[in-house]
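Below are two complexes that have chain A in common, paired first with chain B and then with chain C.
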Partner chain A sequence: MTGYIVKRLLQLIPVLIGVSIVVFLMIYLIPGDAAEVIAGPTATAEEITNIRIKLGLDQPAYVQYFRYMSGVVRGDLGYSFQTGQAVSEAIATRYVNTFGLALFSALIAVIIGVTAGIISAVKQNSWFDHICMSISILGISAPTFWIGLLLIIIFCVELKILPISGLSGQLWTWDGMKHMILPAITLGFNSSAMIARMTRSSVLEIIHQDYIMTARAKGLSEFIVIMKHAFKNALIPIITVIGIDFGSLLGGAVVVESVFAINGIGRLMVQSINARDFPMVQGTVLVVATTFVLINLMVDIIYAAIDPRISYK
Partner chain B sequence: MDTLLKVNSLKTYFYTIDGVMPAVDDVSFEVMRGETLGIVGESGSGKSVTALSIMRLVPHPPGRIVGGSINFKGDELLTKKEYEMRMIRGNKIAMIFQDPMTSLNPLFTIGDQIIEALVTHQDLSRREARDRAIEMLKLVGIPSPEKRVDDYPHQMSGGMRQRVMIAMGLSCRPDLLIADEPTTALDVTIQAQILELISEMKQKMNMSVIIITHDLGVVAEVADRVVVMYAGRVMEYGSVKDVFSMPLHPYTRGLMDSIPKIDVNEDRLKSIEGTLPTLTEKFKGCRFKDRCVMADRVCHEEEPPIVEIDNRQVRCFKYI
Partner chain C sequence: MPLSTQGYRISEAKMMTETGEITIRTDEKYRRKSPFVDLWKHLKRNKLAVTGLAIVTVFIIVAIFAPVLAPYDPYKQDLTIRLLPPGSPGHLLGTDEYGRDMLSRLIYGARLSLLVGFSSVGFGLAFGVILGLLAGYYSTLDSIIMRIVDILLAFPGVLLALAIVSALGPGIANVIIAVGVWSIPTISRVVRGTVLYIKEMDYIAAAKALGETDFMILFKEILPNCVSSIVVYATMRLATAILSAATLSFLGLGAQPPAAEWGAMASTGRNYIFQAPYLTLLPGFAIILVVFGFNSLGDGLRDALDPNLKNAL
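Let's look at the complex of A and B:
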């Protein structure tokens, strides 16, 4: 197991280097360069050249890359062209909000999705199963902005029990939590639908395995048969879906963050792309991509913890 | 010898979209204490469903036990509540399955899986149960059981896993072991070892065994009496000695003839032509009639009853 984790960690290094190279090269694909953006539309060619030299943009790409990376490993992601704020600082405050949102919605999604999925599988073709699966189709196909707006109309406009939008202050306060409820439900509803369907089909597949009959023939109660013997085996695909969902939630739920006006990393990314704020774009993409890679690593480690055959050679 | 298990007119039907399938239809037999009963028949003859009916583990839906009685040690199993059945399963009646590669849960150590059976039925601490599990592994011939107890199923071979299944089944010292094709998925040499182990365990633990197989060789080797099943019906029932020396039913005879003989040079293996009938409500006559070389007009019109001849039973008009 330890060997497996070490191996997976080592495999992480080339992936992260690859990510950084892609992120770095990304800005070369965009027409115009940073110096032109900073200098503004009225600048002379000479001014632009000066800025270029100041920023080191006249250097060869590999020099620029190493300069950038030596900053990154020290936690320095550069400074925003727009505000002059340190990129790492700007990301850090946004990241807390996005992480909180992702965590809440994942929690909601897992609790609802897994429970509904297991019950649907055990009571296959019952009314509960049919209702659950119909709602989950809705959850998968309804766009999040629509669900979000619907929830705002119900809970904020009509019932007036939750704030409409705009998480401005601290997340980990009562007020912050209240702001988080609706966006978390909006996102959680969508992924709980995916998780419910995956759980159902995975459990259904497992309960027809021979070892489930063995467990029953041992005289175990149906609860233990399902929760211990079937569910643990059904977990691998469920964990995969949860991991992917959680990863993409952390990658910034751009739409939901916009609907609920949450200062999250997704919104920051969109804003900086629109403003051609290159260091900010690089920084956010790098952080999001790294998060995604790390979540995948965690998923892989959880796989191995669940299934002894994975780390076995 | 007293009777341990008495199955009487057992009917287990499957309710499918295509209609009602009588998987087990009016099946009766007895298992004496210390006896081994063989149930033979081809795939789909209802032998496994019979076993699952005794355990009350027929998948429902679509299956349901619709009639008959199963008497175990004087108790009727078919009227027992689910929690009462759970106290019997794995404790008084144990079952092992065909494919040892898929019958053990891949995510738990074999020790865990044996201990689970023990702590469910017996008043043992985990430590005591673990010691008992090691003892059982040793008994079924697993080398260095103290170490193997912490192995996962994938670290063992098929034969080893079937030994583990047997250890698990026998851990609570059941009165009856039902072995559903225990050797079918194994190599021939391992098959013999496993059969020998089952016989040995039967002696040591003074239990009864029902061995389900499509292999007459297995029956000849280990069973005292044999039930020959076809399309949900008992076709012949008697002591192994009688049935093997003089098979009465044309089906049993066909099965015997299908065994390749080592002293006769044959170009083609003999077989019983045809396949199992699809049983619908309209089905008339003997279930074996379409494949029977001796079928008469009466066989197509009516179904023969069971007839008793010298301590054995046969379902055929030839003996009426």
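Let's look at the complex of A and C:
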């Protein structure tokens, strides 16, 4: 097991270096003179030169990359063009909100998805099953931003029971939670749909097996049969979906934070893109991608620990 | 025409031989049929796939004949009839904040969404298929290409597309490139997997023994056999591409106002969420419908063309 973890950690290094190169190269994708584009149409020649020097665009690419990376490993991601604030500082203050949102929505997605999936499987072809599976198709086909707006219309505009947007205070307070419920459901909607479908199909596969019939014949209650015998064995594919989805919640957070005006990395990224604040865009993309890679690594290690059938080699 | 015992038509041909005239009867069951006939036979049994195909066909027709079908010019403003609710006389789906007809804008939106979907998937296929073929066929290139693919897959959700658009600048053309590039890694993975399987088959060894060049083997022997998995994957990818393009437009990075694009329409509709929630809801319904159409069609094609893919995709 230790060998497997070390091997996976070593495999991570080239991926992380690659990610940093892609993020660094983003500036070269800017059509024309990057410094001129970033400075905007009204900038003076002096301002353009300043930006060119600040970004190191007057140096060869490899020198710029090593300069950028030597900063990154020291936690220095540069300074915002807009506010002058250190990029790492701006990200650090927002990281908790984004990570908290992803975690909260994963939790909601698992609770809703697994419960709906089990009930749908046990009551196959019932009205509950049909409604659940129809909603799950909607969850897979609907854009995240639209789900968010729909929930705002239902719970904030019509029913007026939840705040419309904005997380002003601390995340882990009652007020913070109230602000976080709709964004978390929005972000987790797609995942809960996937989890519900996967849970339903894997439980359905198991409940038709002989040992379930044996358990019933022994006179066990239906609850014990489903939860202890069927669900436990149906868990691996469900955990796989949860694992794959948890990382991608970080990508979805970009959209959800913009819809609900949450002060997280995603919203910062979109604002910086619109303002052409390049150091901030590079910093946020780098941090989110790195977190995603690390989460996927953790998920892989957890699988290997839970499922003895997964090879460590 | 006579029928066989199983109900197949039998075609007859007369032929003169030394012993006299003989009749050759061919049971149609054993005749080689067009692959489309076979595909349709499989597909029409799957209700969901047929629904998907119908939805996709309707959207394509709407997109092509938008100027004929749209009752009004989608960009014509009339401030005297702004924010008319759906069901108003002369404006079936109401009007927006500038008095533009919503139905006409939604119809023209189908054009933009399908254009972005097809072009970006086409872009992704052009590069992804070639990279996948090379990686699958040449083991020396495999590790290099797959490491690059791993790096590109380290950006969760729309993050990679977002990063590319941030550099190229907002606009439909850039969204097509961004979503296209984002499709490359997954397409090349799917193609590589199929090539790895096909290249071990006897007929490839026979082609090699006959002295065919690698180029001929790749494009004449292997590629035609990858078509089914490419078609299945491309159909599903169209759904993702349309969703992502709408998301980028919603974030202000894709189509710019006054473009009749569903994501952009939902985004501006957000400002009128209290007075006119339909401005946000209607474009969302259009996105859901077309994405659902492509997803269901993709599922059906997968089951019909390549059941082995079920676990892979």
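What we mean here is this: the second predicted complex is superposed on the first by the 237 of 313 C-alpha atoms of A that agree within 3 Å, B and C clash if a C-alpha of one lies under 4 Å from a C-alpha of the other, contacts with A are read in each partner's own complex, and residues count from 1 in each chain.
By our rule, a residue touches a chain if its C-beta (ideal position, glycine included) is under 8 Å from a C-beta of that chain, and two chains touch if they have at least 3 such contacts.
What you are looking at is a predicted structure, and each value in this text was computed from that prediction instead of being measured.
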item: First, second, both or neither for A:V157, with chain B first and chain C second; value: second
item: Touching partner for A:F128 - first (chain B), second (chain C), both, neither; value: neither
item: Chain B versus chain C as contact partner of A:H229, first or second or both or neither; value: first
item: Chain B versus chain C as contact partner of A:F99, first or second or both or neither; value: neither
item: Residue contacts with chain A in the superposition, chain B compared against chain C; value: C
item: Which superposed partner A:T214 touches (first chain B, second chain C, both, neither); value: first
item: Contacts of A:F81 with chain B and chain C, given as first, second, both or neither; value: neither
item: On chain A, positions contacted by chain B and by chain C; value: none
item: Chain A-facing residues of chain B, complex; value: 55, 57, 83, 86-91, 94-95, 97-99, 102-108, 116-117, 120-121, 152, 154-155, 165, 168
item: Chain B contact footprint on chain A (complex, rising order); value: 209-211, 213-221, 229, 232-233, 306-309, 312
item: Parts of chain C lying in touch with chain A, wherever the complex brings them together; value: 147-148, 150-152, 154-159, 162-169, 239, 243, 246-247, 250-253, 263, 266-267, 270, 273-274, 277, 280-281, 283-284, 287-288, 291-292, 295
item: Complex contacts: residues of chain A adjacent to chain C; value: 14-15, 18-19, 21-23, 26-31, 37, 137-138, 140-146, 149-150, 152-153, 157, 247-252, 254-255, 258, 269-270, 272-274, 281, 285, 288-289, 292-293
